[in-house]
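Shared between the two complexes below is chain A, which pairs with chain B and chain C, respectively.
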Partner chain A sequence: MSSSSTPDHLDEDAARLALEEVEEAEAVLAQRPQKAEAALGEGAGSGRSSGWVTAALAAPGLLWIGFYLIAPLVIIVLVSFWTFTDSGFERTWTLENYSELFNDSTYWDNMISTFVTSLIAVVACLVLGFPVAYFLALKVESLRIQIALFIIALAPFWTSFLTRAIAWTFPLMGREGALNQVLIKLGIIAEPIPEFGFSTLSVRLAMIQLYILFMITPLFFSLAQVDRHAIEAARDLGGNWWRTFREVILPQTMPGIVIGSIFIFVLTMGDYGTVATVGGGNITSVGTLIYSKIGAVQYPQGAASAVLLVIVLMVGVWVITRFSNLREEL
Partner chain B sequence: MIETMAQAAEAVARPQDVVVRREVKQRRDWAKLGLGVYFFIFLFFLYIPMILMAILSFQGDTGQLTFPFRGPVSLDWWKTLWDSNLFNTIADDVSASGRQSLWLSLAAGALVAVFGFMLSMAFRRRWRLRTDVVAFYVLMLALMTPAFLVGLGNQLLWRFMGETPSLWYTALGANVIWGIPFSFLVMLAVWNRYDRHIEEAARDLGANSVTTFREVTLPLVWTGVFGSFLFGFTLTWNDFDRTILLQNGYEAQPLPILIGTWPSSRPILPNLYALGAGTTAVTLFLIFTVLVAVTLRLRFRSAPVTRPAEELGEADSLAGPGSLRRPAE
Partner chain C sequence: MTDHVEDIEGAAPAAPSPSSGSGLDLIGLTKVFPGGTVAVDDVNLHVEHGEYVVLLGPSGCGKTTTLRMIGGHEFPSEGDIVLDGQSLVDLPPHKRPTTTVFQHFALFPHRSVLANVEFGLKMHGVGKEERRQRAFEALDMVGLTPLADRKPRALSGGQQQRVALARVLVTKPKALLLDEPLGDLDRLLQLRMRVELRNLQRQLGLMFIHVTHNQEEALSMADRIVVMNEARIQQVADPLTIATRPATELVARFMGDNNIIRGTVTEREGDRLVVEDEQQVRASVRAPEARQSVGDPAMISVRAAAVIVDPNGATASDLNTAECEIVFVEFLGDLVKLHLLTGGERMLAKVGAEAYPALRGREGERIRISWKEEDVQLLDA
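Right, the complex of A and B next:
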């Protein structure tokens, strides 16, 4: 690879490369993988024009994000402090939207129930998804089969959440749904369970089904990088299944667990479509509540509700990231 | 000197690169068996609603929303999607929505691919004042912001500017937001596998940077660019939460909006199932076509793949100073 150097420098060159490799290996051994940004940023680009080229490459995407993401988020915060009028809002600063919201028990009830739903979803996705990712990453030996199975498991992620929510709601759940029919046929229940249709239970079940892939994917990638020899070593040293899992596999999988949990938490807290479809209008969440406020042209109130939701989200994400140092791991 | 090198090389070989051959006692791996069974139950759980929906869409004209299946097996409900002479037809809506969705998704895919590719190119270069860290977090913010808030914020922004939100100016923009970070991550994985020395070689052979880019870089990473396009396309093709807040009601609704507002706006009949199964089939068909194309392409590449993470582009870069690191073969 170092063919570009002259034979005289070959030795030095090779030695230098070897030393670099040693350093890198030490970094790996010290469990400090390079950050993604650092790894990407290395090499190429020096000289005076380079900064401009970098800026020109990054500008279109970042400007687009600035206009369609950052500006809207800023506007939400601004509008939440503006005054409600019949036609929307006017630029008079007020705290009334928030004081109204803090006294609105419906909002807080919904916040709590949405939070509980999220929590259940995170835990359930982790518990149900871990064996799937573990099987794919560590138990399937053939690479080709592994990829094929992973893609089969991942494919529904690409299809519409809404279609899947509808498929979940009407044919499967509900009083007359397939699930009730099967349970009755099997003699497990005598009467159809009404809670299967348009209920908190069905919303929660649907969310697990719809979002679990967001947990499995990061889990799979971190499990695939677990050093198999470390597992073998742990076993050779007499560690039983549980200790191997707890002391070897789990610490190395933590980043995946954290990323997956953040995904599920954020997606379920901010969900609107699933609750509206699976809940059939009977079930409310923070999302549907904000949506109905917007529908009633109560923009400032809606914006204030959204800001509080974002604060809850940020606190939640912060708490989740305490479990692992993501910046190091990425 | 040679000795030092050999020692150094030995020291760096990663432990997982060493192939240890030993007699393995053949024992049945019960854990594997159990987990395998669990995996297939999981797949069943994942796919069953869609399969049930697809089955019910083939009912006869007395078809209902739930089992039992009311025969005979027919395409009647599917026909209402395109034949405007039938009773219960939705052909006009479907063709208008389908076209709208198709063009929007194609545009979103193209934008996502271009932006994601350019951003990832930028991240291969030096940034001043650690602005790259800020940019990285902005991208992660785009990934993490709930869809619903993006829709709400854009609606407020356009109202604030005194404009009516529209599919092409607002919803498209908001949809691209979610695609960009995915595209960026895909390209990040692609660049991780990419060997910079090839570019250097091209330059040493006298190619200028445009030629190098066109004839060396692009052909090697186009699968990533195409993957990005696919991400942008399917995310937009299936988006509901953003678009519902950003359409103005005068334009033809995209398919997900048509499906999503259906239960509250018209009688639910098995043709809703046909429509849902149809859009799902389009998405799945696209993915599998692309995957087959990519797999075929990978066959022509010689890079040996030893660990699954590498195949999926997640491994640490293979393109290091390199040769010392490869296990002897």
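Right, the complex of A and C next:
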């Protein structure tokens, strides 16, 4: 019965023998990313024969995007350069629609006020939505309760958009509405303020309520991916709550913030339903302006307004994506 | 046998003797979770500075909860945690002079290796220059300086483990808490990191408290092992004692390869007891502390490695010996495990590989085994 019969001893020998092997393996591991990239590069350059297969596989998706996204956009761009006539438009190239639009202060005033509304909605949804997502993702321990609470948060979205939008007219913001009642009960105002209804304020509040879930959802999924042990590690290494949040949680949540912000920004910039319903005709936005131009059969002008809006949206989305490297983080 | 003993001692010297006021004390530490589950029940332990203590036990035994309470990530229901005379119980994790290496490393994925290591210093308000310098010193210590600009995901498991170590060492904690630190590594790397970790601890002279469910890992690394089961401490001792002198049935079973014999005390002369089981296997044991007298039930254990197998011969005496049937001869390269049956009881013997030719293919045959009285251990029920 020699000493070598104990498992401990076995391991020490094995450890020594394994040492070189492990080091080799680690070296290989360390090199893998570069090699993988090189392999990908080669594949893209030389894979001529497999190109057709790739194209065939991509075709349905391309067709779909082409038909539903590219084609309508191209048509709108084309129409925006055509000439307006009383009966619609004729296919004569013109820059008239754009030059008219650039000198149209109503359009730009609406662009600015819509942008302000949009900005307020993005910030408010972020500030109000973050604690909800944070609580759901990091404070609720059980997955079942997490899902249950998330479904409850979704509950308002089971009702139709119109129902929720109408709630922001008389029931909530009207003369006899909830907001006036509450303010009177609290003694903040003596008489109901009739101006709450069908106002910019009610449109902005409605937008926050109507769209906040588009912020909470990506935030929730981002926060749920944050390693709880990494948060504990940050606390353990001397970070108080705020610094842990600032240095560890927030940076890892950036993809969710960016995606949520893009949702809210795009949805509110182009919104005309909420503005029309909650604003009741008193309030206009870029969306309602385009809508009324189409209604007045001014297709080229409407198309040009839409093209400018798309450009503003693209610039806005580009600016938002600067806050996080989505390609790397997702 | 003797050099086996020396080997274990060489790997882990006995614990330093305790001195008052210095070191970590767990006093009556208890944790009851909201559902009523008692995770940790009245744990008392003293750990010296520079000592490597391993909390060992099956999953759910309370070892991780104990560690988390020391680190401040769980609050004890009762009891106190005192480090160098200062109670830690009311301090949040970031104010405690302890740091934890978490299971699965828990690195910050969005930061570079260097920024990960610098993090603790940044939180403690250390200036940028000094921060950088100390972070590189820590990275040097674990041999990762060339990878300082990498993101954690571009590292192998072993490298991530070393970043996690550098990240906690840089803050110069009084006690380092390690929660299954080797659990995520493949086996070869585990074996290597055991040696690295233990050497690092010796160099630094720091108190390490290491949680694992791996017996080998505990035996090979610890100065002292704390075996836990069902929220309670079963035994606290150096690895040699844990391996050769298990105090309770649970320790004997958990450490593995122990033959446990349940029987009745048939003789008692001073501190020497003779225990006989239902198969008439008789074993003598010296146990000055024993409370049993003749007729009382008793439980003893004999390590598989202490069992002597004579493939041909027979022993004259009927004490400390048993006639067995060979169930299976398991050859493991440099040792042979004999699976035996005496009456209805299974027994296990481990012998050197040189005995294999004589034992090969003898399943079904009968064989006589024996053991020495000094290798018999009386167990607490």
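As a working rule, the second predicted complex is superposed on the first by the 261 of 330 C-alpha atoms of A that agree within 3 Å, B and C clash if a C-alpha of one lies under 4 Å from a C-alpha of the other, contacts with A are read in each partner's own complex, and residues count from 1 in each chain.
Quick note on the criterion: contacts are C-beta pairs under 8 Å (C-beta built on N, C-alpha and C of every residue); 3 or more make two chains touch, one makes a residue touch a chain.
Just so it is clear, the structure is predicted and the values come from calculations on it, not from any experiment.
A.B. asks: Just chain B (first), just chain C (second), both, or neither: which does A:Y98 touch?
C.D. replies: Neither partner.
A.B. asks: State whether A:H229 touches chain B only (first), chain C only (second), both chains, or neither.
C.D. replies: So A:H229 meets both chain B and chain C here.
A.B. asks: For A:E247, is the partner it touches chain B (first), chain C (second), both, or none of the two (neither)?
C.D. replies: second
A.B. asks: Contacts for A:W108 in the overlay, against chain B (first) and chain C (second): which applies, first, second, both or neither?
C.D. replies: After superposition on chain A, A:W108 lies in contact with neither partner.
A.B. asks: Residues of chain A touched by chain B versus by chain C: which partner has the larger set?
C.D. replies: B
A.B. asks: Quick one: classify A:F161 as touching chain B (first), chain C (second), both or neither.
C.D. replies: A:F161 contacts chain B only, not chain C.
A.B. asks: When the two structures are overlaid on chain A, which partner does A:A137 contact: first (chain B), second (chain C), both, or neither?
C.D. replies: So A:A137 only meets chain B here.
A.B. asks: Return the residues of chain A at which the contacts from chain B and from chain C coincide.
C.D. replies: On chain A, the residues that contact chain B in one structure and chain C in the other are 1-2, 4, 11, 14-15, 18-19, 21-22, 25, 33, 227, 229.
A.B. asks: Please output the residues of chain C touching chain A within their complex, sorted ascending.
C.D. replies: 1, 3-4, 6-8, 11, 71-73, 92-94, 98-100, 102-104, 106-111, 119-120, 122-124, 147, 154-156, 158-159, 167-168, 171, 188-189, 191-192, 194-195, 216, 219-220, 305, 308, 334-335, 350-353
A.B. asks: Given the complex with chain B, which residues does chain A contribute to the contact?
C.D. replies: Going through chain A, the ones touching chain B are 1-2, 4, 11, 14-15, 17-22, 24-25, 28, 33-34, 36-37, 39-41, 43-46, 50-51, 53-55, 57-58, 60-62, 64-65, 67-73, 75-76, 79, 88, 128, 131-132, 134-137, 139, 143, 146-147, 149-153, 155-156, 158-164, 166-168, 170-172, 174, 176-178, 181, 209, 212-213, 221, 224-225, 227-229, 241, 262, 266-267, 269-273, 276-277, 280-281, 287, 290-291, 294, 299, 302-303, 306, 309-310, 313, 317.
A.B. asks: Please output the residues of chain A touching chain C within their complex, sorted ascending.
C.D. replies: Where chain A meets chain C, its residues are 1-12, 14-15, 18-19, 21-22, 25-26, 29-30, 33, 227, 229-230, 232-240, 243, 247-248, 251-252, 329.
A.B. asks: If we count contacts the way the header does, which residues on chain B are in touch with chain A in the complex?
C.D. replies: 1, 4-5, 8-9, 11-12, 14-16, 29, 31-32, 35-36, 38-39, 42-43, 45-50, 52-53, 56, 65-67, 111, 114-116, 118-128, 132-133, 135-136, 138-139, 141-142, 144-150, 152-157, 159-160, 173-174, 176-177, 180, 188, 191-192, 196-197, 200, 204, 234, 237-238, 240-241, 244-245, 256, 259-260, 263-264, 268, 272-273, 276-277, 279-280, 283-284, 287-288, 291, 305, 307-309, 311-312, 314-317, 320-325
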